[in-house]
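Here chain A shows up in two complexes: once beside chain B, once beside chain C.
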Partner chain A sequence: MRQSFIAKNPSVLIFLALLGLFTLAVTILGEGLGIGLISTSFVKTLGKTLCLCLVAIAMDLVWGYAGILSLGHFAFFGLGGYMIGMWLMYARTELIVVESLAQAEIPPTPDEIRDAIGTQIFGVVGGSDFPLVWAFAHSLPLQLALVVLVPGLLALVFGWLAFRSRVTGVYLSILTQAMTLALALYLFQNDSGLRGNNGLSGLQNIPGAGDVPQSLMSIRFFWASAAALAIGYVVAAFVVSGKFGSVIRGIRDDEARVRFLGYSVEGYKLFVFTLTAVIAGIAGALYYPQAGIINPAEIAPIASIYLAVWVAIGGRGRLYGAVIGAGFVSLLSTWFTGGQAPDLNVGFYTVKWVDWWQVLLGLSFVLVTLFAPKGIGGLFDLLTGRRGPDRHGADLGPGAGSFREKEAEQ
Partner chain B sequence: MRILVAALSFICLIALPVSAQDSPIQQLLQENRTLIEQSSRRTIGPAIDALRDSGLPAAQAVLEKWQARELWQRKSDGLFFFAERTGDGYRLIDIATGADVGSATGGEIEQLKPNSGIRALIGVALVQFQLTDPDPARRMAALDAIARNAEAAHLAPLRASIATETDPALTSRKARLERLLTISYDDEPDARIAAIESFAGDLGVDARAALNPLVATTRAVTAGDPPATENVARRLAPGSDVLSEAAAHALLVEAGLVAPRISASDIRAALAAHVENGQVGGVPVAELDTDAARERAYAALAAAGLVPATATSAEVAEALSSHVFYERYAETDPRVTEAANAALDAIALKVGMNQAADLTLDALSLASIYFLAAIGLAITFGVMGVINMAHGEFIMMGAYTGYVVQQFVPDYTLSILIALPLAFAITFAAGVAMERLVIRWLYNRPLETLLATFGISIALQQLAKNIFGTQARPLTSPGWLDGSLVVNDIVSISYIRIAIFVLALIFLGLFLFIMRRTRLGLEVRAVTQNPRMAASMGINPDRINMLTFGLGSGIAGVAGVAIGLYAKVTSELGQDYIVQSFMTVVVGGVGNIWGTLLGATLIGFLQKGIEWFNPSNTLAAQTYMILFIILFIQFRPRGIIALRGRAAGD
Partner chain C sequence: MSTLLEVSGVSVTFDGFRAINNLSFEIGPAELRAIIGPNGAGKTTFMDIVTGKTRPDAGQVLWGERSISLLKLSESKIAREGVGRKFQRPTVFEDQSVFDNLLMALKKDRAPWRVLFYRETAADRTRVGELAEEIGLADQLQRKSGELSHGQKQWLEIGMLLAQEPRLLLVDEPAAGMTLAEREHTTELLKEAAKTRAVVVVEHDMEFVRRLECRVTVLHEGSVLAEGSLDFVTRNQQVIDVYLGR
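Showing the complex of A and B:
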């Protein structure tokens, strides 16, 4: 019996409806078009959070469904940001340079314009020549293509190498972490061509939209982020709902058995890994224009681990869990580390949340892992009455390392 | 006896007034009085030489006082005295005997004020005295002064002093300095060449400092062949890597052989200065946005005589091909430069070999640091298969333990001796607690262990930040670990690094001993191979797992003390090592301590090797090292030493 896509994924409609309502509410309450109850900076924070939710969906696909604990997806996210950032920075600097050179008595030659842009951008790292990686920075379409291509190709090559030699489990995690570290260290160098630890800045100024106020621009980016999240959610739900989804879940639970059934395990993993890298890149390309600055510290291995933390707290193996985790934890983080949370006075000591939030996060993460492996998303199981069988401690799933509760679900 | 002393002092008393006027040194000064009074750098030479060569015992004192502007002349009779200020007048002191010879008012005597040129000449003359000074320390000081600031005039007194030198260390130092000065200042080419050749393969920086100026070159250009009087190093082709066409053209311009080319920015400025009615040289301003249009406009201006003509590309090309570019040595004798080049080549070879040795030492010490950081992980991850992301934080805890102990125990040696076991105890306890509370419930779920321990890691890191602040805390090593073992000018290694190396070896031994020779090791190996079978043999797997994890964590703590000794203690100390530590274990091969050792060695040597190619950029070295490791794992997914059979677990 063939069920329709929606029937198999009732959560998609609910999610889209909620996201639509949320977007509408923010638009009405926001500063750009609405009544101004929500400040522009908070609209930006919400927009950024939606992008983080999108990359969390990617993480959930690759980890919760395919069982690959990648500690490198924030690197793809950052790469996407760098790719769009290059165009933003180039185009905006070009506008400024052309304007200032137009004041001169002699009109500038194309070479002079290019040199002036180079000096503007790379003066901070003591250079003025355009490195090779900036070859396409003048063109928005090409750079947009790179947003997808660069993370995708990196994931393809890395995944091909890793999966081909059957690196699995924690080894793969460490390897992806190493890749992230290598990339971050590379970008930290001044001669990497991407301005070293200065990163790319001024990204919130969209070239050609100088007369659009930031309040309006933030709402537009919020819409774009919401749309991307909606599309990403549907795509991810589509990927995991059909036969393909069954196979990658099978790979998660027992890779060898799926391989013996004749499936090309490496091919499936590679597809999921690359697809999620592309989604992460797109999310990054939407995130950094709202953040305004990107530097290599953003893609340090720790960021990717936080991504895993969000997904784990939200509940992996279910797409809405990833969204809830990323949204909840990152907003809570912003609240606590932003100094908005009131200090907690316990008599002999005043707990400043700016200092203690990380401790709380770390410990709650341990607790979630230990006592609530389903995460916040598990609460929905209580609502719908889905419960794992009580086998009184008897062995559950096929392999010792697999995600056994899911397997035993009735 | 008493009579003798009395007689002597009497003789002295009556002899003094006589010598004040007629001592040989005073006579010598009087002979050169006009020169001294003239006090000109150009003419003073003979007077100083006369004093220097007089052989009089007082000559050195007189020269020193003269140089220090403490020599005075009595106006009435022109005699020279040392003088000391006493109230409103001066006490005069005889220059030969140091005896008091009366007093004078400020108006009666005049101070000799040698200018800096004369003082320098006196200084050179004094070198001879200092080189033969009875005090070896002063002779050494004189040699230091010459080595710092050598002059041609130092050569002769230095040579003269070698024969009479008694101290063997000073003799060899003098001989070396004499050869160095010979290279730079001797007139005889053969002597210089001999001296140069004697330095072939010498590692001293001073030898290179003396040789390098000989082979320093300047660039020159001529119309025909270079003049025969010049010592040509090599000819240069314009447009090659060493001499770009722009540089060649600049040489031509400098020699006045072609007209300079006006730079693009100057052309632009010249054009901007000659805008008339929206046109420059007949070209509309709006069209000046290409280089070709600008050149046309500039040519028009030049034709009108408004701006200097610029050389055209064709002229420049013609000039480049018709002239000879070459490098010439400042040193004119080709035999000397040839010998110097040969000596420098030999030195470069030797320096390269020593640098390789130094690099090997560096790599070894880096490897031992990685090994220390990874050995605890080799136990928890390698033996038990538990990923402990908080391992780095245990290292950090060990380092902070050392820091705290130093706050209470001021003696550095004692505090380190206390800190090592204490760090072990604290991190052992932390490890046991973590195993009991968290890891025990997550066996068989390695990915979740990874995440849970990561949660502990960020909590511990922030906790350390809250307690100790974000700034780096010092962990001072004991005094006997300061400094370094210096083999020669290039090869040296600090004692701390040697200590870390030794510590790494001790831990290797300890690990092997525990695993192979103790009951605990036996039980650990049994439990890791097959926990159920081990349990049925009466081993308590829970207890063993707990102890093993504690051991691995404890070793991390001790490693933390060692690492803290040479790195600053911050809350991010552990984080810096965690990825490298995992790399070390994975590259080496999980479950084998020799693999970890090999892995650490490989990574240490690799990183230093890459740094050697690009010494200014350690970030790049780390990047390429990680890339190499990722590739390496492609070919040996199970590490250098892979477990086989049942122990491999699959």
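Showing the complex of A and C:
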């Protein structure tokens, strides 16, 4: 009766196949290598969407499976982006500076080059010295390591403090909100060392690849995002499929019982929290080179709340639900807020979707929570005729989180 | 007779209310014991203390041959030491199958990293099968435990406890809400379990306690009022006054 990983998780194969087909289709239709039916900017949007799907998988692991409603995972996403952004900005500025100084009579010293880079990068916040956090910015391997280490360590320390004190439910959600807000406010300061509210920009220009057109670069990043999403999906499916998955779902449904079974609940929560923070960091590191700019507004509390909304609408507690939710809602959001949606004239008032989209989103979140707790993913249950047991008891899953509805409409 | 668990001089106060008052209690390594007492006698608090959920203000709880103090250990550590607990309300993981519930409870390495790479072996499946047989759920293994009847859930929880291979089983009102036939089965399960380990049953129902045919400890206002066979304690005038007389 022993089944292989794939046999137990048929959705993994289906997902990978669909993702592969999608990647192929975009490559053929895109401008870089294909017939140019899809614009480069839309390829970038799709690539970014795949990164959002990846962070949604992380959110689903931590919320849908382990029952920790974290409203701070975009902090880890943003940190991943900042870490890669530092190298991108440093290396590219270095190229420009070296090129311009090469015209000088006397060849510049390394110190002069470094000062010139500093002036270029930090002139906007009235500085020229490199803050300590930029110590490794010259090295791609080191910054790539930081993409994983910084979000991971922050999650480890934060999680250790929070879980050890047995903070759960809404209180934990508020605490994670406070974390991401504090981080955003800190980064908004000019002397935080990451250019304050200017953030890091020009990230779409990859150093050393100046002759590669954006149309091609966007496809490459799209591939990288698809690959990361594929790997992330398989890793997440592996984590939740075996006994580990049983334990974290047990923690979600009845924490005390798991504790009396002899499992250290805090250890498991910390593991999941840190793992998902790392996944979020990687997703961010792929997202921001495609977005081209990162600033502290990206990690404002609302971003993490959106993440929870995506996962709820897509269907928490199933990985493909998270992907569907993030993909569907964020693309729809791009459409509505991009001014492409036609205005709706109801006679006495014209509904401009740019203004009304958030109301629509908030409303659909409330409706999904109330009437379709399984989200869009629940439709697949209808298709396959699968029904949940009639449990007679209270709703399973994490505490109903009474704050979510209000927050979603902000 | 050597003792497995020794509780001595334990007191707990909740907001000025003395839930447990200088309680002392001992149980041997293979013994069935029933604890009875009126509401508020401290039966559940007693279990909370032994399992580490509540920390007493005074007294000590010693465990095993090496007399380890349980008061310094976390709940999960105590469970790994061999104390299993069954709650009043059946608490099984309703969203998961009977098989998964039992597999999770099997005595195995509990560290996250080891659990992540754990793959079930044929021996584990056999063990789960045996346990399911014992609790009468052998043909329900693939069902979600949320679909089971109340009595079946209670048995599943007892099965999960047995899977943990605890040396001490604390069972809180196992017969509540069961039919007569289910009660008989439960009695058998507990008696069988007590042959190899210590079992403490907290129960209101005198009829059920009588079926267990074991020593009885009567709690009242947080301390032991009487101890002995059921017939002995029911003849005790104090017991009649505080409990049976009402």
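Going forward, the second predicted complex is superposed on the first by the 387 of 410 C-alpha atoms of A that agree within 3 Å, B and C clash if a C-alpha of one lies under 4 Å from a C-alpha of the other, contacts with A are read in each partner's own complex, and residues count from 1 in each chain.
In this text, contacts are C-beta pairs under 8 Å (C-beta built on N, C-alpha and C of every residue); 3 or more make two chains touch, one makes a residue touch a chain.
None of these values were measured; they are calculated from a predicted model.
In this superposed model built on chain A, chain B and chain C occupy separate space and fit side by side. Once both structures are fitted onto chain A, a short way to say it is that chain B and chain C open up an angle of 100° at chain A, using Cα centres and rounding to the nearest 10. Contact with chain B, but none with chain C, is seen for A:P373 once the two complexes are overlaid on the shared chain. Contact with neither chain B nor chain C is seen for A:S39 once the two complexes are overlaid on the shared chain. Taking chain A as the reference, the larger set of touched residues comes from B, when chain B and chain C are compared.
Looking at the shared chain after the overlay, A:F271 reaches chain C, while chain B stays out of its contact range.
In the superposition on chain A, A:S100 contacts neither chain B nor chain C. When the shared chain is aligned, chain B comes close enough to touch A:Y171, but chain C does not. Looking at the shared chain after the overlay, A:F365 reaches chain B, while chain C stays out of its contact range.
Chain B and chain C never share a C-alpha pair closer than 6 Å once the two structures are laid over each other. Taken together, the two structures place no residue of chain A in contact with chain B in one case and with chain C in the other. Per the touch definition, chain B reaches chain A in the complex via residues 268, 271-272, 275, 280, 285-286, 288-291, 294, 387, 389, 438, 441-442, 444-448, 450-452, 454-463, 465-466, 575, 579, 582-583, 586, 617, 619-620, 622-623, 626-627, 629-631, 633-635, 637.
Here chain A touches chain B in the complex through residues 69, 104-111, 158, 161-162, 164-167, 169-171, 173-175, 177-179, 181-183, 185-186, 188-189, 191, 301-302, 305, 308-309, 312, 355-359, 361-366, 369-370, 373, 400-401, going by the rule given at the top.
Considering their complex, residues 51, 53, 74-77, 79-80, 84-85, 87, 91-96, 100, 103-105, 110-113, 115-116, 118-120, 122, 125, 144, 146-147, 160, 164 of chain C touch chain A.
Only residues 1-2, 239, 242-244, 246-247, 249-250, 253-254, 256-257, 259-265, 267-268, 271, 388-391, 393, 396 of chain A touch chain C when the two sit together in their complex.
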